[in-house]
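Read from first to last, the chains carry the letters A, B, C, D and E; within each, the first residue is number 1.
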Amino acid sequence: MIVAVLFWVFSAVAVVTGWLVFRTDSMVRAAYWLMASFVSVGGILILVGSDFLGLILILMMAGEMTIMAIFMVMFMMNPAGLNPMTMVHQHRTAIVSGAGAFLALAAVGLLAEFPDRPVAAGVDATVELGVELLGESMLVFETAGVALLAVMIGSVALVSKNGRYGPADEGSVEPTLEVEES
Amino acid sequence: MPGMGAQMVEFLAEIRPELILAAGGIVVLLVALFTPRRIQSWIAGGAAAVLAAAGAYAVADLADPPGLTFFDTLAADGPGRWATLLLVVTALLVIVLSVEWFAADARQGEYYFLIVFGTLGAVLLAGAADLMEMILAMMLSSVTGYTLAAFHRRSRSSSEAGMKYFLIGALANGAMVYGVALLFGVGGTTTFTGLGAGLADADPLALAAGFGLVVVGLAFKIGATPLHQWVPDVAEGAPAPAAAFLMIVGKVGGLVFLARWVSVLADAPLGWRALVALLAAVTMTLGNLVALRQDDVRRLLGWSAVSQAGYGLLAVVAIGRSSLAVPALLMFLFAYTLGTLAVFGVVVELRGLTDRFAYRGLARFHPWLAAALLIGFLSFVGIPPLGGFAAKLLLMGAVIEAGYAWLAVLTVVNSAISLVYYLRVLAPSYLETTESAQPVLGRKAGWAVAVAAVG
Amino acid sequence: MLTASIVVPAVASAALLAFPRERERLARWFAFGVSLVPLTLVIVAWVRFEGGPGFEMVESARWIPSIGVTYQVGVDGLSLPLVALTALLFSASIVFPVDLRGRARQYYAAFMFLEAASLGLFLALDLILFFVFFDLSLVGMYFLIAIWGHGNAHRSALKFFVYTLVGSLALLLGILGIYLNSGDPATFDMIEIIRTQPLPASGLASALIFWAIAFGFMVKTPLAPFHTWLPPAHVDAPAPASTILAGVLLKMGTYGFVRILLQMMPETFDRFALPIGVIAVVSIVYGALVAMAQTNLKRLIAYTSVNHMGYVILGVAVAATLGAEPGARSIALTGATIEMVAHGLITGAMFLLTGSVLARAETYEMGDLGGLASKAPALTGATMVAAFASLGLPGLAGFVAEFQIFAGTLAVYPWLAGIGLLGIVITAALFLRMLQQVFLGPLPERWSSWTDLGRRELAALVPMLALVVVIGIIPAWLVDVIDTASRFMTGG
Amino acid sequence: MTIWLPIVLPLLGSGLILALRRRRGLVGPVALTAIAAAVIAALATALSESSTTWSWGGGIELGLSVVDAGRIMVVLVPVVALAVVAYAVSSMSEDRALARLLALLTGFVAAMELLVMAADLLTLLIGWELVGAASWALIGHDWENPGSSSSAKEAFVATRFGDLGLYIAAGAAFAATGGFGYEALASTSDRAWLGVVAGGVIVAAAAKSAQLPFSPWLFSAMAGPTPVSALLHSATMVAAGAYALIRLQPALSAVPWFGPVVVALGLVTALAGGLVAYAQTDFKKALAGSTSAQYGLMLLATGAGFTAAGMGQLTAHAFFKALLFLGAGVALHATGTLDLGKLALGRALPRVAVLFGVGAAALAAVPPLGAAFTKEAVLAAAVDSGMWVGIGAVVAGVLSALYASRLHLLGYGPGDRTGSEQGPRVLEIAALSLLALLTLGLGLLWAPGGEEILQELTGGDLAEGKPWELAVSLGGIVTAFAFTWMLWRRGSLLSGGFPERMRRFVAGWYGIPSAAKHLVVDPILNLSRAASKGDRSIVDRMVGTVAASATWLSDGLRRGMETWIDSVAMAFGGGTLRTAEASREVDETGVDGVLVEGLAAAIAYGGEQSRRTQTGMSHHYYTVIVIGGLVAIILALIWR
Amino acid sequence: MTLEALLVVAAALFGIGLYGALSQQSFVMIMMGLELMINGAILAIVAFWWGSTGGNPEGQLLVVVAMAVMAIEAAIGFALVTNVYRVRKADITEKLRKLKG
């Protein structure tokens, strides 16, 4: 009972905040709405019994969204990115597409026949996840690590202003066509 | 779990190329961080060595019997191994091309690291036998791809290319993850071994949605419609060697994976064959049509890459219905890779010269470059005895046998169209002439090798 | 031995490109010397030819066994004359002088390349090999026209390339169709396919395959209405290239009709023999009519090519009519093959002559010419021989061919023969008109300093025309060789 | 092997003449010796009735043989040629192209001999066409003058049209017998094909022998120099037609309608041609008309089945017609004109007048000349095949007497010209005399046993002549002479008593030439022009349609995109713009008008349009992706 | 709380995210949309893990993978945005239209 109520609450919050993300006129607020949406999804995760993932999601999103907000501030060059602004294009198309996607996927959810195999009661999801991670899906885990490493390096290479030898982006352009015949 | 460790070790033995790439890449990175600037370019040698080693092991494994490893998350079969080899070779040649191109760059180290990891990503994608593995492999190769595309951090077009590449890729991945979720829902698992059974009697609606969304992701990877838009932008904006790399690796990895993926769906209630056929048709036609009016050689190559993706999909259409399908796929990838390398090699060699009218008199001043261009293009058209011909031959044979003769006819028409725009580049370089020769970079190895290999 | 005749020119072509800077005379003599090699080889082959049914001097090697592709060459009574023709025409065209635009090496290299491709095509006994050479010939010819052509050469060359490429790709589809039907293991081996006749006589598949291939060859041959690439290509091509285009490349189409359609799917061809024959007759009459209205000398000759190719295909169509009496089919097929050779020699010479005219007058317009007979007896004489041969005068090669074709056709499709005969009168009229306009009548002022044919021009022309006369007077030596093949194909 | 000699010797002579063309002195003798040798060789073959075969290849055997009428013909050709060439050598000695002329003449003889000795239709066809080609060169001898070369062209094309008949005949023979030989043909049972053969041969013969409706080409043949006309009309070119019919009559008579058709053809031409000859005021053209008429008579006889009569007539005609032409040539040479109104050289050139008189008399068939004998034979044959035919033949005979006498009176009758004109040389006189002698010599046929000799020589037979026939024709001749004499006295002989317009009409072959021009030549020419225009414009249309359809497609595609991407209004505005652009494009390609370029333009236009989908703005791409994704899912769902 | 309900919510999140990605001009906002889409995906995965796959641990792992994807995209995305802003002073899609056609 209580679970059901919570579920509906979380769901409502997730969807509404998600919607607000694009209705607000300040990026910072948008960021926090988004965070809210994620948090409520995390809540749902906990409800269905994968507590670990739920918490992870909440924490990660909290962190990330804070970063995003700060980023916005320093990046968007407007004080706290609080100035009102609407930056929207092809609105009709967007609405149609969004609604279309929603209807399509919802239809899948409602009409499609999914095998009815609910999770057994009392399994410790976290332990299983750990086993899976270090067992059968070792490779997946490794790959994820490698990918994250690549991202770190890549983003650093792209953004860092000054690297090991002075300006990092020095000479990072195409060769010019005007050179004397070598 | 007892014996787990031992098992892991033997698994590791089965993926030596991947391991070497991963470890080697990290080594390259570390070295790069502590090398004085003037000898930064030596790192290229290191990266090349890593790739060579991986390639050696790939060759060694070629003969092994096909099978699955790592609890069925990774396939070690013929196509996968050939793809590995092809990718490694590509990366090697690209590195050769890159040395002078990036000579001025202060951060070459990272570049080579990204090349290595990008290769790794594509290799894993080509070998993936598990949807999760597929997602991550794709992330790996995409992320490196975005970075490589934008690697000229002071170039306006380079950064734009990177950004667009990312925007399209991100959407594709988002859709794909949801698709995987649906497939997981109906199939009960993410490994192909499990899905093969699980999807046989799956609910068609969910299956179609999931498959469609996954195909969207793969279409992005191989540059097929409706996610082809990044290809020309990257071809034009990205650093030429990186562009060559990105034109190739995505297709190799993506197509090989797609081929394996559809063979899982063989008896699922799903119209995947017709869908792929349609994608192929639209892709090749659109690519050729748009390429017709390009005056920018690199962009033209991008669009021709799109049409080539369409040809590649032909092989997938025939999977499971024609014994020619898999050979056709590999032959196509082989010819396409070498042709692309040859042509982009010429572009690199000409310092990224990209206005087709600036190619006047190429045959006169750089006969070998012109020859490379000629061979590469004619191979794309499918003029015998070049590799492209064998590829087209097998592809058409495969689709006809698979009962899609109309695709073969369409391929014919498209080949004829493509000839026109290739000639629009060849004509100036062979028929006209100017006084001034085009300036060139120093080394010629890259395209020389490629040309030697074509046909 | 046959292989050598393909390899030698190919190698020579590469060698020419590697030549030290422009040495025109050297390049020419080298090319000419090399072109003599296949010629001698062919003559040897001719001597050793026994003339049984089937192929002789077959040489084969593994190529791509996995999909049943082999390297295989050989000759029979059909291909031998065409190979000889090819070798001869190339030697002649190489001798013939032409404005090289200071790119002699590339020019002769292109010629050598083209020679290798052409010989290979007629010798090939594997469908893939056949197709490979078929396409390579396009590439070579494209560059010859585009680089050394005049007028609107780029356009014409592009059109030639793309148009015929479409044809060749259709052909490729057809070949794949044959391959996929060629039993298990599937093979491209022509001898094998001819022996086993894998394709069913009826059925949609065979029909589609047939028309795909037929379309490919109709473009190449060309038959109306697929001929529109021919006139511009000829008009803008340098004279020797036109000679090769008319003398050799067009034959690839007609040869394919016989070798692939007639030999590999006779029952299917039988179903469509009449339509093909009708198309051929249309080409005959249409080509002649259009030619008659031309004012441009080279264009006129180009259209007569359409007309003559019509004769060839008419003969083939007759030979394909299984119901008919074998003797008639065989004589028609023999005639068609002779027509290929005759047309190669006659029209080849004709195009070389237009080259001589262009070099002196810088125009093809017949209205601007006239009265040249007094200034250039040799040029006039040569043209007259060629023209009369082309309009089918007895004693010259053209008649031998056309008469046999008609004799055969009349027995099978009397009405087609009757209509086709009109072409003979029209060609007579148009050629006499051409001679009259260009060589007879008063000599215009501006040509008072006209010079007659030079040594190299004669050296190129005389052998060809001599052969035309020889075939016309004593056809037996040629007819008998071809007859071995056509009897075998028609069971006559 | 001797059978080849009559062909080879003249050929050698011809080659030799060309080789020696610089040495003007030699060419004449060479030519004469070559032909003289040919005469001897011909005699030899004729006496030995030799025959041979040669291989065409592909198992087809062809043959030469000298039998029946061929025995006469093979000798006749070189003999007449000898006289003509002799005349040419002397009369044209100033012509700088004499060597070419002689070479062609001798070559011409060779070709004709081949035709004569042919034992099968293929060989016949070869000789037939070669004769035609040679005649083209001969008629166009004076090539620098556009008129003569174009009339040569007309002559050749006209006869070649007839040649098609022979092509068909040969083909039909092959279809019927699997070969071409005359004998096989005679023994075949395949009536249908045999009918085709007969028809073909008749057409070919009619064209060569200047029967209706082909007769007019003889006029354009007049463009050639006199010796050429002489040879063409007497023993070669024109004779070929009649000869072929005579030679093939035994084989073809199995076709029921063969005889009647030939008879009708001959009779009609004989009458019509006679009128033409009578009405013409040009010396040579008048003779030409008579030629048609005379060959008409030969066909008449042949068709009636009495080849001996036909062959005899042919022989006699060969001699006197050559003689007459040479006479005309002399007149031309002397006065520089051929207008019958301006000649009357009786006093100026008495000797020639006499010789010409002989010819004219033969033409009029005045006994006891051989010509008269053969004419009677023809008449008998005609009567034999029907009363009306007989009457027609009589009328034709009267006509011939009319124009013969007219010609002589106008051409060589006594006139006011006196000996001032430059007379003929010795050699020319010799040539004329030779022919005159031969003409007279034939008179021996009247001698008892003449008929048998004729039948024996020609291998054919004669109709039983009846005395009244002779009487009738004699009466006709006398009245004809009287009539012309009277007119001549009145000075209205030139017009022949015709009103002028009618005379012109008749003399111009009843307007057949213009009819042919309007009904045959012009339509073909127009057709060909139309075709060559169409060759481009048809292609245009194809281009146009392709371009249009491509435009339509890509336009639709673009609009589909942009209704999503931009606003609908934008799309429509742009749409109209682009369609305008498109139509311009179509127009250009239409004007440009070559298939591949047009196609390329069309496709390239499609390319232009598709390029618009690459707007460069990511959110547009997103839209495309969403649409694509949905489509993909739906397809994957429905296409199972 | 049923599987259907969960899926509908997930679909809603995905749809909203897609709407955002399409409608927003600023790269950053677009990225938020993308994150939201993946958010929906995560919810769907968990739903299946819970409802239809008998708690197959792969489900949980798949969630981890999805999060990784999210993180990776966020990181690289910010890097690229910064870079493009530095070079091109561009922060919305309309400003990046040099490469087109």
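Simple rule for what comes next: a residue touches a chain if its C-beta (ideal position, glycine included) is under 8 Å from a C-beta of that chain, and two chains touch if they have at least 3 such contacts.
The model shown is predicted, which means the values in this text are computed figures rather than measured ones.
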- Touching subunit C and subunit D alike: which chains? B
- Going only through chains that touch each other, what is the minimum step count from subunit A to subunit B? 1
- Far-end chain from subunit E, centres as C-alpha averages: D
- Task: Tally the contacting C-beta pairs at the D-E interface and at the B-D interface, and name the larger one.
- Result: B-D
- Of all chains, the one whose CA centroid lies most distant from that of subunit A is D
- Query: Cα centroid separation between subunit B and subunit C, in whole Å?
  - Reply: 44
- Message: Can you compute the centre-to-centre distance for subunit B and subunit E, using the mean CA position of each chain? Integer Å is fine.
- Response: 25
- Note on the structure: Averaging C-alpha coordinates per chain, one finds the centres of subunit C and subunit E separated by a number of Å equal to 65
- Query: At what distance in angstrom does the C-alpha mean of subunit D lie from that of subunit A?
  - Reply: 96
- Query: Mind pulling the subunit B residues that touch 2 or more other chains?
  - Reply: 132, 136, 139, 143, 146-147, 150, 153-155, 162-164, 167, 171, 175, 178, 182, 185-186, 188, 205, 209, 232, 290, 420
- Task: Mark out which residues of subunit C touch at least two other chains, giving numbers and ranges.
- Result: 158, 162
- Query: By residue number and range, which residues of subunit A touch two or more other chains?
  - Reply: 89-90, 93, 97, 100-101, 104-105, 108, 114-115, 117, 131, 136-137, 140, 144, 147, 151, 154-156, 158
- Note on the structure: Those chain pairs meeting the touch criterion are A-B, A-D, A-E, B-C, B-D, B-E, C-D, D-E
- Task: Would you pull the subunit E residues touching subunit D in the complex into a rising list?
- Result: 18, 21-22, 25, 30, 93-94, 96-101
- Query: Mind pulling up the subunit B residues that touch subunit A in the complex?
  - Reply: 1, 4, 8, 11, 15, 22, 26, 29, 33, 37, 70-71, 73-74, 100-101, 104-107, 110-111, 113-114, 117, 120-121, 124, 130, 132-133, 136-137, 139-140, 143-144, 146-147, 150-155, 158, 162, 178, 182, 185-186, 188, 203, 205-206, 209, 239-240, 351-353, 437, 439-442
- Message: Give the list of subunit C residues in touch with subunit D in this complex.
- Response: 155, 158-159, 162-163, 225, 228-229, 232, 286, 288-294, 327-328, 330-331, 334, 371, 373-374, 388, 393-395, 399, 403-404, 406-411, 414, 417-418, 421-422, 424-426, 428-429, 432-433, 436, 440-443, 475-480, 482-483
- Task: Provide the residue numbers of subunit D that touch subunit C in the complex, in ascending order.
- Result: 55-60, 122, 125-127, 129-130, 133, 136, 140, 143-146, 149-150, 152-153, 156-157, 160-161, 164, 167-168, 170-172, 174-175, 178, 196, 524-525, 527-529, 531-533, 535, 538-539, 594-597, 600
- Query: Which of the residues in subunit A come into contact with subunit E in the complex?
  - Reply: 3-4, 7, 11, 14-15, 18-19, 21-22, 27, 30-31, 34, 37-38, 41, 44-45, 47-50, 52-53, 56-57, 60, 64, 68, 71-72, 75-76, 87-91, 93-95, 97-106, 108-110, 114-120, 123, 125, 128-129, 131-133, 136-137, 140, 144, 147-148, 151-152, 154-156, 158-159
